[in-house]
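Each of the next two complexes has chain A plus one more chain, namely chain B in the first and chain C in the second.
Let's turn to the complex of A and B:
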């Protein structure tokens, strides 16, 4: 293929991506109400965050647990600069939002550079602690800046929602990571993950590779932060606590460290759990909650037992697994019915909203215990893989 | 002469209260050291950051609280005694029972967490184990919010604590000028009897730990496993038992720390009670060189002193950030921590 053809193809796909995003925004803003729209918005942001952390953690193998820090830097840089430079609302919105996103991502990139540089000397868990510490230091400093609103939060003069930009950011982030892995530079990232000493022996500049991973990952997180700040028009240090970093890390690991597809899917489903429970109306009594907890525990360890000890036919194994999934709940239901006549537990009820984090933690533990390598492992989704699978099925039939 | 000496513009240092702040820092630091030991021992053996350790600490505090309730120091019982005109008496034996129960319960919780959550993860990647630890930590925090008394945050009744006497050592008397103006405040150190007992207990517990690790068979197995896990198991060390013992020991220390903090300092309890001390103790463990037992103690003391000194400088709002600043500065100079060794990997 000639260079012109490649460029043409690239330009075409970029145009297509932009078109899809704008179309999606037009369709969604017309047809969907506020809450669902916000879900789409947050989904795009979380996908960006997870994929960008995946670049640092999964692909380069560096241990970063402070991604919310970069997100926060982006949000505050964008918010402060837009209030400072554009105090009045008399601007062409998309262009101004783009400038703001640029400022947010550059600020986060600088932060990424600052955090990435110590990784020249630090390895593994020590690096993890430094990234965690960085996130906390940034948060506490912001918490004490009166000019930035401190713990009360910071209000932006303009509020601007752009679903198209959020989707575009997610697509760009995924494309950058995917294309990186197809280039020689990307292979260097993978080599650093697999064995630093061997990678160095093959002439890979460890320092450069790690720092680039940190800077690129932070840039995307910062851009996401900028969009987030402009969407809600209000930012608060409490939004960027350690829990958020852990949530993003969880998405990466549950999807399978290193798998971009996995990160995308895990991000798109995991963030839904707390968001949907926030509006869910059901209530759970203390007894039911305890019963379900016990049943989930029994289920997980029975599945593990079957996986470890049963080596028979595949259908039999599937049946056993199905039994392991269903039986604990049936038994607990029976036990609950029996116990209903006696009141052992208080008749305390919990709202769905209060159960958000417990359920998230349980999902996390269940997936980790049943499938520790994440949903996708190191694998990626590809059309070839799907086609070969279909072909095999056709041959078998 | 001014009573406070100006150091920098805007900062006024109260030199006369420095000795008191150092003592406060020592007390806080000893608790951090106690928690940090749990982190460092587990890391030494399993190379796992046990994020749930702070939650074990929290559960230790709740155990102490519920034990004190069971012994008749619940708010209701105290209110009733007050209404009937009875005096609520306390005895050292109650405190010993609380300490032992908290330590035992925490040890059991630690062993259970290890068995059900970490053991299945032992052959998996370290990031998977770390995520599991975070999951356990989140689960305990938020399940605690559902099942433990937290609103309003309860605290151990101070009636259970017989050691409320206050010792004061005056180094120099205050100089009072005419009209009652203070020319120079007194330089003195005040410490409650409870805090003295706390410090003694910490030292005793550390001595016991040193004995267990250095002079018993389990301790030797522990050191062997932390030196080389696989070789130790090949040499006939029952590594599963060693890991369980490590978790139990570390968790028991955390339980002791939580019991003393809630009883002698009267700290209020809530399900997120363990998060901040946990993170700081973890930072202390890394600061001293993670996996290194004396390092954890040193790191804890440094952390406690740094925190009180920052408060003393007038930056109390940055108290929680200073831990990380010190950590990053130390790691930049000594990447293996203060007492840790920095091994360079060679082919």
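Let's turn to the complex of A and C:
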């Protein structure tokens, strides 16, 4: 491809990305209510967080579970600086937000450097403990700063929800990671994940590679934090607890470590499941719930049984798998109804809202049992892949 | 001037002297063999040359510079690259990508342009891919370019490691038991590959090997280690008839 063509294509895709983001904001703010708008906003943030953690965890193989810490540094840096530098002026919002995002991401990048450098002697579980500790230390320090509001939280003078910026941030984050993987530099990061000794023997500077991964990952988390702080106008150390780090980590693992596509999809799904169940209007009796739980277990094991023992025709196998999915439900709903009529377990009914975390946990269990390597494994979605699939299908038909 | 000179190199782990006062010179273009029974300190020598260990005393001199204690990635930079006794490929990457990681060392564009995927980065990545494909065909693995390296057979993995080390464009290439676990036919292929590396690509080769027949047919100069001591040095014929070597390998005559 010629230079002009590459640059032209690049300019076009940047324009398209900005255009789509602005358009999305215009359309969504017109047509959707506040709750859904916030879901879109938070969805964008989670995608950014998951993809940026994927750079550290999945691509470079540095097991970090302190991502909420970087997110928090970004949020507080942006909040504190915006109250300090722009106390009361009425400001042109997006331009001022950009400055704030910049401050937040730089602060988080510095935090990434501080965590990255000394932790480089550590691997695996040991590194995980250090990053976990970092997240908690940052949170507890903030909790004890009275000037920053301590446990009461910190109020921002400006409050602005910019969907366009959030979407743009997510797109930039995805683009940067994808670019890295498409260039030869990405191979250095993957090599560090696969085997550090061999990578170093091939001349790769381990320190540099790991620190860059930490800093870039933290930068995006910090930018996300800055946008989050300005969206709610109020930040509080409790918003950045260990659970958040684990949720982001779960997104990365569920999507398939190293796969950007996987991280994006898993982030959107894992975040949306509990949020949508919050407004879903259905009730389940204890009996049925128990039935479903058992059914899921039976389903997972029958699927695995079929996978392991059946070696034959493809259509037959898919029929068997379908049976393995459907049958446990039919049986267990019957059992559930029976339990319900006899009210062995009492007759309490659960609302969808009460079950959000249970359902999330079940989804995780099922995915991890059926596909331990995550939804996408190490693979990525690409148009070439889709095209080859389609072609194969056409040839078969 | 010798390409690589080991000058009284000694390393001690606690009370154990793993390598004691080893001296040898490798000239440019040599096919040099380092042999000895198990535990003789051969791989430890490799680890000292490639910067994994720092010698307790003595010097490793490469092209006139003392390189003892330099970190492994710098050693690769100055032009020494190795393969591993227990294969260490990047398992999840394809054969081609493994070789590209080696070739990445001579990569010019900055990391930032990688993140931005600048036109230069695209062009250079394509060049790396082309260069790596050529190296894969040198070790007869061109057909396997896209297969996952951990799924390949043992012999192929060994050859892939050689291609990966070659890709860093070293002056001296260290092969740690390249023929281990290979069948006779694979060994013949390997011998041809090693000759090609030396003659066509003009690299200097230092190899550790247990298979006597393989070493004697391949190497022009050989150093024998036993319990960390250098017990013999010379051409294959001298080594074959050296009583100390026979004793080290077969035990004392009764």
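The rule is simple: the second predicted complex is superposed on the first by the 384 of 397 C-alpha atoms of A that agree within 3 Å, B and C clash if a C-alpha of one lies under 4 Å from a C-alpha of the other, contacts with A are read in each partner's own complex, and residues count from 1 in each chain.
Throughout what follows, a residue touches a chain if its C-beta (ideal position, glycine included) is under 8 Å from a C-beta of that chain, and two chains touch if they have at least 3 such contacts.
Owing to the predicted nature of the structure, the values given are computational and were not obtained by experimental measurement.
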Could you classify chain B and chain C on chain A, in the superposed arrangement, as clash or fit?
fit
Where does A:212 make contact in the superposed view: on chain B (first), on chain C (second), on both, or on neither?
second
Between chain B (first) and chain C (second), which, if any, makes contact with A:179: first, second, both or neither?
second
Would you check which partner chain A:305 touches, where first means chain B only, second means chain C only, and both and neither mean what they say?
neither
Looking at the overlay, does A:122 come into contact with chain B only (first), chain C only (second), both, or neither?
first
Report for A:201: first if it touches chain B alone, second if chain C alone, otherwise both or neither.
both
Please indicate which partner A:144 is in contact with in the superposed arrangement: first for chain B, second for chain C, both, or neither.
first
Scan A:188 for contacts with chain B and chain C and give back first, second, both or neither.
second
By residue count, is chain A touched more by chain B or by chain C?
B
Touching partner for A:319 - first (chain B), second (chain C), both, neither
neither
Note down the smallest distance between any C-alpha of chain B and any C-alpha of chain C in the overlay, whole angstrom.
6
Intersection of chain A residues contacting chain B with those contacting chain C?
197-198, 201
Mind pulling up the chain A residues that touch chain C in the complex?
1, 3, 6-7, 176, 179-180, 182-188, 190-191, 193-195, 197-206, 212, 216, 258, 378
Complex interface listing, chain A residues touching chain B:
57, 63, 118, 121-126, 128-130, 132-134, 136-137, 140-141, 143-144, 196-198, 201, 242-243, 246, 249-250, 253-254, 257, 286, 289, 293, 297, 301, 304, 350, 354-355, 357-358, 360-362, 364-365, 368-369, 372-374
Spell out the part of chain B that touches chain A in their complex, as residue ranges.
43, 47, 49, 116-117, 120-121, 124-128, 130-132, 134-136, 138-139, 141-143, 145-147, 279, 282-283, 286, 290, 317-318, 320-321, 323-325, 327-328, 331-332, 335-337, 345-347
Touching residues (chain side chain C, partner chain A) in the complex:
50, 52, 71-73, 76-77, 81-82, 84, 88-93, 97, 100-105, 107, 109, 111, 113-117, 119, 121-122, 124-125, 128, 164-165, 168
